[in-house]
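Pasting the structures in now, so scroll down.
You will see two complexes here that share chain A, one where it goes with chain B and one where it goes with chain C.
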Partner chain A sequence: MGDGGTTYSGVNPNAVWLNSRGIWLSYVIAVTILHLILLSIPFLNVAQAWTLTNVVHNIGNYIFLHMLKGTPWETNWDQGKSRLLTHWEQIDFGEQFTTTRKFLFLAPVILFILASFYTKYDPLHFVFNLSTMLLVLIPKLPQLHGVRIFGINKY
Partner chain B sequence: MAVEDVIVEPWYMMQMVQAFLQAPVYHIVIEVLLIVWIIGLLFSKSYRIQERVQLTEKEKEDLLAEWQPEPLVPDTPEDHPALHPRVVSGKAGLKVVVDGKECLNLATLNFLGMLGNKRIEKAANSALYKYGVGSCGPRGFYGTVDVHLDLEDKLAKFTRTEEAILYAYGFATIASAIPAYSKRGDIVFCDEGACFAIQKGLLASRSKVVYFKHNDMEDLERLLKEQAKDDKKNPKKAAVTRRFVLVEGIYMNYGDIVPLPKLVELKYKYKVRIFIEESLSFGVLGDNGRGVTEHFGVPIEDIDLISANMEMSLASIGGFCCGDSFVIDHQRLSGQGYCFSASLPPMLSVAASEALLIMEEKPGIFEELRTRCKWLHAKLSSIPGLKVCGEPISPIMHLQLAAQSSRTEDTTKLETICNECMNQGVALTVARYLEGEEHLLPPPSIRIAVNVELTEDDINDATSVITNVAKMVL
Partner chain C sequence: MVLGGENTLSGSAPTANGHVKESNGFIQHSNGHVPHYKDDKIKKMSQESFEPVPLLVACLTYLGYGMLVLFGYFRDFLRKSGVETTHSTIERKKMKDFVPLYQSFESFYTRNLYTRIRDCWNRPICSVPSAEFDVSERVSDDGNWHLRLTGKSRRCVNLGSYNYLGFAENTGPCADAAAKALQQYGAGVCSTRQELGNYRIHEELEQTTARFLGVEDAVTFGMGFATNSMNIPALMGGKGCLILSDELNHASLVLGARLCSTVIKVFKHNDIEDVERKLREAIINGQPRTHRAWRKILIIVEGIYSMEGSIIKLPDLIRLKKKYGAYLYLDEAHSIGALGETGRGVTEYWGVDPRDVDIMMGTFTKSFGAAGGYIAGSKRLINHLRAYSHSTTYACSMAAPVAQQVISSMKIIMGEDGTNRGQLRIKQLAANSKYFRQRLVEMGFIVYGNDDSPIVPVLLYMPAKIAAFSRELYQQNVGVVVVGFPATPLVESRARFCLSAAHTREMLDKVLDAISDVGDRLQLKYSLNPPTKAASAEECYKQVDSLAHEA
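Showing the complex of A and B:
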């Protein structure tokens, strides 16, 4: 289950499932499908579709990686150590700058660059794209590992 | 609207490149910064966030230089009791043959006299021929035999709870049950005098343990009030913290009974869950032997989990937990001792089932046991030089020295008393603890266990032996 050939029982699967084979490709395909769905909505033009892809991707990224805490299953092996940690903090057991983390850092940035290109650098779209990109990049910094600003989402 | 407006206008590459060349400066700057950052990121090495203090090379060398290796086997004194165990031949029933001498058994915890019971032996023998000796597998991997399910059923019906779960080792029962429910960030209020198995379970659970004074409900209430105050200050943390109170029915180290009605009152007032470890009170207290809940008339639904050892009254091996299905079922996947140890040998399950049947058929033995406890307690209280600790109806009593000095001296005196008593035909034992590991080391004592088969003559003889020996030694 969720193995990159690296899981064994007694280990938090949340920490290793993103190292699995084919995750990067699946991620790219998922974002592409999202974009194609948004492009097929008739009343959106291309710029709006790109900005929406970027924004939806970033918000989804934030919710799943930085808002939801703990694991969806029983943690018999660690007596609740990951109960208060977000998914991002659990990846690779807290090791910073691993390959998975680098990939997840890059994804919003590349989307931002693409979105800026396709919106022809329009200022309003720029505001949305930049703000959501920062929303998603700042919690990924190692300096913010385990930090809960104003105690939001602490328990 | 014209058709052209609905169809999205095509974006030509030329237009895109033109837009790129006319892009605002701030945007270009941000994108360049991002790209530089990405390249820096791609080349950074992975590291763990340091949680410990970093030592310099010199500090490391100093620490290495001053390290002295400890011997693998530390020196033990020649007269350490573990080096001279008393060897028992045959069954340790009412009379036990120790080191070749037949003695009255006041040392082993055979409260209902089930050890050596012919009916149980017959049932166990037929189970042996049917199932073999061991079950050779944990409960999840073909180690579940029909007799296990049968015994769990019987135990649930006997204790009048919804479900019971069996463990293969008595110590592991409570030591697995606690970490299954209480995790990091939870709080357990535990009695100071709890037995070693409970202490190990609390250690394994990684939760915050708050000890209250032995059997002192006022102290517990004070601690609960403090916790409630802290909870009011931090309600978000309080909403995710689970709180438990962990007590024993009859305490192994002291022989007291927990004041259960007051505890249940505190439970509903401060919203904590009660876990009771009923190893010594199961099969002893209550009109039908159901334990401390029956003794006080507290409905069993008020207690969240009862855990008991079958190695005392039921004269089998292993332990069980009983309670609501919702609670007990959780242990089938989270109880470490349940999932990762081989299951109870079928022979011993059948023995325990048979013992339960005997308990159901003859509910009079519990009152008889309590009468004998009261007799023995009364007799032992009159011995000069020794004082008895424990409730009169508790089958476990601790004989402590009336005048206590240092621990080693007291232990030596008590050991001498035990040895002398054994020479005169009464088998006694000094209560042993892992002295470096216990949370609260009780004073040295002789632990006396009552057997329902003791007659009044036995009790009188034993008391006179102990009195004489005590007079001699002290």
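Showing the complex of A and C:
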């Protein structure tokens, strides 16, 4: 941890830490814990709990992967290039269709399918589930790599 | 982090963490690479182990970091809304319409993770860093934002200094010779090597270094980091060159490589098949747009990697470099003096001719108790560096007492002072490393690296345990160095022990008891390997005792 900000050989850790061992399992466990917490709230029924899990997961996914830019540590080796990139764009140094990206793309889809099933395909729940899923899947498309619509979140 | 490559010899592809399921039992939890040694005089590969993180531990580590991040956001919110006082630097009120100097997100990690356990690093030391040293105590009233000295100090066993042969002393023949050199030459040099800073003692140092390493000539510099960063540009000038660099190379090598206008390709740590693949691709495809042949290709590796304790597979690299016509740059910062029968470094360890390595670099900071670095090789290479290196042209040369310290310690190691104290130190270090590592493995810790390396990294994994380990051992009067993310991969935080010839067996036993006690209380004994019976202390120290009786 040295001076609290340097890494070895100048590699952006944000690009590689999602490839570490046990991340997928931890991700699933975290979503399960979130779901169990929501299920324990007494005034929510099962359908609402599932929709809320899906929505909260997607909003968290959006904020951490597509809204926050840069890194939580100093990057003195790349002259600030990663400061303008969201975490999703930094993964695997911008290489598309890697295993991590595929996993992060599939997670909202699987949650959507589960939520649709458990809400018995109710139209109102469907609107919420679909809209948040699209919110979180569209930025992950390779065509939108580095794209900032209307200049939002550019700097 | 060791990533698995293709294991073509045993026919089974390793899983992502490098563990090979069906092997012939020869490799235990290594990166799956089975070497092909055709030459008889090349030593058989020592056991290197990088046991992968147990899955439960990994999940708990991520959970730990997740909690820290959530609390970090919460505390930031409290600071922003004024409930909690902000101790870090903030922009002045009248500059609020200017573009901010710092992004507060970039210091998130420092503010919310590093500062909370900041007292484990930068501890002031108030004695010479030999086998035992005095560490000043510090206290903080505001959660480590401000640390103040209490005036007291603790006498701790030193397991963090790079003092491999125990030359960090302020008494003895080396210190006396350095004091005499100080009287004769003064403290400073006040000039660069090419102007008026070339003393006779520098020439004697370079000749001694060349004799020590078994090469034609050597050139020395005042700073070890600058030796790499200033000389790689002098060697790789001009376009059309390629550098192949190990992924875990030190920052000085990375900086030196970046200061040249070359293409840099990074290969997986210690993975000879990856080097070969990248060499072949580079030679076949040529330079990136024009596809012309490369002017030269340089492979940059280290002898011992200080974060992993792994030793480079030198015979394979030399075979590769001869086959494809590349050059080899070997940074022996940690291995010179620490490996080999007579301390000549990683070339002697593998039984390889030092003239096969084109550029041998090393530092005097670790095993010789001094400061500075050297580059050694053929006379043509060294003459070129003497003329073209940025360091000889612009940087002041090594101070005379420091140079004298290196000369005296080198002569002791070579046995030229007429005693066998050098040999005794080398054997003591080898025995200490072997004993310490085997005892730790026997206790059940996950230890990385090669069995012969004097660097012993013990994996801690979880962020809170980094701090707890360091503080608990400090309370028990053991000083250790701990490292975490982002200096290491996210999951693999570790404590790095550096053994020294100055440590005695009794000291190490006391330290091992303390480590075992802390390991039990913090539940650090993660290893899933079956418990091995380590060699007893008597076996490890047999050679040392016989040498000590001779002296």
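One rule holds for everything that comes next: the second predicted complex is superposed on the first by the 146 of 155 C-alpha atoms of A that agree within 3 Å, B and C clash if a C-alpha of one lies under 4 Å from a C-alpha of the other, contacts with A are read in each partner's own complex, and residues count from 1 in each chain.
As a convention for this text, contacts are C-beta pairs under 8 Å (C-beta built on N, C-alpha and C of every residue); 3 or more make two chains touch, one makes a residue touch a chain.
Remember, it's a predicted structure, so these values are computed and weren't measured experimentally.
Of the two partner chains, chain C is the only one that A:30 touches; chain B does not reach it. Of the two partner chains placed by superposition, chain B and chain C are both touched by A:83.
In the superposed pair of complexes, A:97 makes contact with chain B only, with no contact to chain C.
Residue contacts after overlaying the shared chain place A:74 against chain B and chain C alike.
By the touch criterion defined above, A:117 reaches chain B but does not reach chain C. Once chain A of one complex is fitted onto chain A of the other, the partner contacts of A:59 are absent, as it touches neither chain B nor chain C.
By the touch criterion defined above, A:105 reaches chain B but does not reach chain C.
Chain A residues in contact with chain B (one complex) as well as with chain C (other complex) are 74-75, 83.
Across the complex, chain B meets chain A through its residues 6, 8-9, 11, 15-16, 19-20, 22-24, 27, 30-31, 34-35, 37-38, 41-42, 44-49, 179, 183-186, 204-207, 236-237, 239-240, 333-334, 336.
Interface of chain A with chain C (complex): residues 1-2, 4-11, 13, 16-17, 20-23, 25-26, 29-30, 68-75, 77, 83. Residues of chain A touching chain B in their complex: 42, 45-46, 74-76, 79-81, 83-84, 92, 94-99, 101-102, 105-106, 109, 112-113, 116-118, 120-121, 123, 126, 130, 142, 145, 151, 154-155.
Against chain A, the residues of chain C that register as touching in their complex are 1, 16-17, 52-53, 55, 58-59, 61-63, 66, 69, 103, 105-110, 113-115, 117-118, 120-121, 245, 247-251, 254, 266, 307, 466, 482-491.
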